[in-house]
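Two complexes follow with subunit A in common, the first pairing it with subunit B and the second with subunit C.
Take a look at the complex of A and B:
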């Protein structure tokens, strides 16, 4: 038996393929939109993965360090290391800033880390790890820096010695890793004018600048221009222990807030990116509905364009089932081409997006099922129109 | 007909292209795609570790010249930047009443000297009287023995003689007292003179004035510096090195100093001293690094980067530090056995400035290991070996 649908498609294949491609681009946009949402969630996950931590110890009653600001003294890490179940703990600082690159600047999250401890960059894609304790940096490839480049952060120049990939903040800003001490200084250091003004302000204060107490003013100025704060302590727990069981004594006895991985994900996904994620989700729903409507219209008009041929088929005694099958097959074929074009297009243009677009195979599979279902549903309308046609129309004109 | 057939089958390459493109994206992304990695072979090599620290140029010996007692500055003879010699007058403080008190003491001393002279004259007078009394007494005693004078007359002369001797002692005592007074006054005067001398501030050593912190008219408290001096030949770099990376730091090691004012110049130096007390707050060790030759125009307080060269470790397998990964709390590398990937825990030794790490245990020369990878690796994950990951998709 010859395939009626196949013959018909071949008869006007160029129109069919063009329609399929158009549909495909629409599906591609929908898949990309899903990818953007997944990318946002994955950025949040990547942030947590890259920190390598099981627990986040932050300032009491804050949801830091990502969702809120948090500030701890940098010696808190010692007391945390002494708590039961803590295998490794490290100080970390995060701050987002514009990093100068040539004449332009890139938005980056500067991470201060301690080498070899949680918070340090994981896999490198080029270069080496930091070997000096100052003025070396590892940058995410998305910042646009290459190994050997110089980054200026506040007052100091840092040499990029290594590159990472997919190390981003929850907002998708690429990270620049620098040694903790440098980061503490950079986070706190004011410009020279501000420092000079601050000194003058101290000197003008008679309570601080006492004639009978030489050295007091210098001591106060020194104390004001040093920084021993960090944003969080990242903790890795000993194998086999429950994160909550390790977190609880730190909360209770150290009077700090501690988040486990699950709680941190909750903060990042449900709080930090919730609004933008819902925004994207809303758009995704509208796009899906519009796509479905367009598919339905395309198939409907395609059938209406063939209404005379269908009338002829009916006239020569073709069974309704065969005609319905033809329309359904064509619709599914259109959907298949559309899906393949869409998936290909989405994958090809995903890297061009400024933020990460994650195309999950599961999403693609779900998309495929939905496309096929929409096509099948849309063809119902066309089938109904085709079956209603009067065979006399073939000769009646 | 032919053109018609061509038109008829023209869809086929299009369909094939679409299929190929689809197959390509399915294979390239998603769970089927291999992780791209770069691979290196463990080589035999030597690692010469360095310690890196930052410091500030500081004077080994700095002098704060100020008064020992509160006072008002009267004159300052030198200014910042002046070269001074040991003993040179730098500044003078207002002596207020010291000179008048010295004059008063001088007058008192003069009077005491007169008192002393009078006492000495009296002493001589008493001596003379005592001698006469002694002669009289002796005569009357012999006359009394021969019964020429009465016993009472003899006793009167004897008593006269005893009184005259006592008067001699009294005169001697008052002369001693006057002498003591004089000595006291002279000592007091000396004390005031010395006190006045401390009001002159002189240079303790040859050096350069770095700061003039007070001007004439200023009242200084005891210990407050009016001028600061340094010995310019004694400049060194007070270097802070992270405690965690200070292993091997010792006096005598060669060092390279890069001053912030001349970033392209690497100045030779040497670790002069490693301080026994390290900074507990910043968790840094302190070391003093001297210049081999002091560059002209070096300023105190200038920031410097110091690289201390440690002796090279023994030959052994070395790997790039980018290959080291943390997995389940262990440090190790991803090793390639043929095509199979496995995590090998290693014990690392020294790290060189170029990122080469000595492997003490776990790997041997010739092993193939993953250096860079575009994603997290799992045991037996599919990998594709490439030369460089510079052009990877972001």
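Take a look at the complex of A and C:
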């Protein structure tokens, strides 16, 4: 038996392909939305991977350092290093800022780290690691900086000495790594006017500027204008130990909040990007409904355009299931063309997106199944209309 | 495939639409007999019941009473005697319509071969049968063309070939010459006569067309739901031009 659907598609292939392309662009947007969500989850995973930590020690009762602000004194790291099971620990700071690049700003997460310890940038794709204590930076390639460029952070210029790839914040902002001390200063740095005003206020305060206590005023002013805080302590545990078993004594004895990798993933994926995920989920549902409506409308219209032929087919003895199969196959064919166009389009335009778009084969497969299911459902209205056609309609009078 | 030895016979066929006070008797007492190889005309004014009769004969609506015998098989006797009317139409009745109504997305060969394929024949066998019919109807050279590439006359010949594809004992032709000029209309009737003789098929031609009525040897007039048989002129049409 010849394929009636196939022949009809071939007969009107240009209309079919154009319709499929239109549908395909819609499917491409749908796949891209899923890819954006996957990209956000992958960014979160990359953030945790790049930190190199097994445990995140943060300010008590906070969910820092990525989801909430967290502040610890930078000497906490010494006591953490002394806890059982801790192999290495390092201070780290994170703050997001607009970094000037030429005439434009780049939104970046500035990371203060200690070289050779957790939190340091991973593999470099160009340049070298930071070897000086101050004013050198390693930047993610997505910032647009090249080796040798100068980055201005607050009041200081940093020379880019190395480039990394896929080092991003949970929001997808590329990272700029600078030495910890510089980052501490930059994070809490006040402007000159504020420092002068602070000094004047201290000097005018009789409690702080006591004649009998020389050096007190300078000590207070110095303490106010310097920063010894960090956002978190990143911990690597000794091999073979359970992360939770190492975390518990730190929580108990140091009165700090400690997250394991699993808990941190939970914070990032289930809490930090949960709203975005729901937003994308809503878009996916709306796009699916719109796609179904378009396919249903197209197939229904195409079927109505063939009512006379369907009446003739029924009159000459074509089974209902053959006619239903023809319409179903056309809907599936439309879905197949749409999916191929959509997948190609999504793959081609994914790198253009400012945020990371991760198109997983599994998502594509699931998308294909959903598209086919939607097309099959969408064809039901047309099939119903076709099956209601009276074969007598082919006979005049 | 059916061997058309007995043509079609209709006895006391009635069709009533509706019930009670609103009932309309579209067919009151229809009697017809068409022998294998014979072409008869069925004529009558609008509303006389021609289309209703055609639909009853075509097994697309159910008569109210009467008897219909197709070939050797009683298909209706105060109720359908066959469980699968679709198969009955496919295997035992050919249809030719006012317009050719070819399937636009199938080429000429497959338009004709579709019926044998629907009847379960292999594609190669069905296409061979189609090519044979197309050759008989002098359209073999358009076998691979799409219907939209054919002239009106060629399309009508392909439609006749499709009606003959399963070698039915009867072909119902509904105003097959209505859109054609005199020459082409006569050519269609000539072809129908040739095919009726060649394939031993009974053909009933429903028509208003004054041009072709003189060509029938027998005519059934239908008026107020009743048929009256009369002899036709049976005018020779051998000289009619080929249907281009």
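Assume the second predicted complex is superposed on the first by the 384 of 397 C-alpha atoms of A that agree within 3 Å, B and C clash if a C-alpha of one lies under 4 Å from a C-alpha of the other, contacts with A are read in each partner's own complex, and residues count from 1 in each chain.
One rule holds in what follows: contacts are C-beta pairs under 8 Å (C-beta built on N, C-alpha and C of every residue); 3 or more make two chains touch, one makes a residue touch a chain.
The structure presented is a predicted model; accordingly, all values stated were derived computationally and were not measured.
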| item | value |
| --- | --- |
| Partner chain(s) touched by A:376 [first = subunit B, second = subunit C, both, neither] | neither |
| First, second, both or neither for A:7, with subunit B first and subunit C second | second |
| Subunit A residues touched - subunit C or subunit B, whichever exceeds | B |
| Touching partner for A:390 - first (subunit B), second (subunit C), both, neither | second |
| Subunit B versus subunit C as contact partner of A:166, first or second or both or neither | first |
| Partner chain(s) touched by A:343 [first = subunit B, second = subunit C, both, neither] | first |
| Contacts of A:220 with subunit B and subunit C, given as first, second, both or neither | neither |
| Contacts of A:131 with subunit B and subunit C, given as first, second, both or neither | first |
| Contacts of A:122 with subunit B and subunit C, given as first, second, both or neither | first |
| Subunit B and subunit C contact sites that coincide on subunit A, given as residue numbers | 10 |
| Parts of subunit B lying in touch with subunit A, wherever the complex brings them together | 8, 11, 14, 18-19, 21-22, 24-26, 28-31, 50, 52-54, 219, 221, 223-225, 241-242, 244-245, 281-282, 305, 307, 320-322, 324-326, 328-329, 331, 351-355, 371-377, 388-390, 392-394 |
| Touching residues on subunit A, where the partner in the complex is subunit B | 10, 13-14, 17, 49, 52, 75, 87-88, 114, 116, 122-129, 131-135, 141-142, 146, 161-163, 165-166, 181, 211-212, 214, 228, 236, 239, 337, 340-341, 343-344, 347-348, 351, 359-361, 364 |
| Subunit C residues touching subunit A - in the complex, by the definition given at the top | 50-52, 54-55, 58, 60-61, 86-87, 89-91, 95, 97-98, 101, 103-106, 110, 113-115, 117-119, 123, 146, 162, 174-175 |
| Residue numbers on subunit A that touch subunit C, as the complex places them | 1-2, 4, 7-8, 10-12, 308-309, 312-319, 322, 390-392, 394-397 |
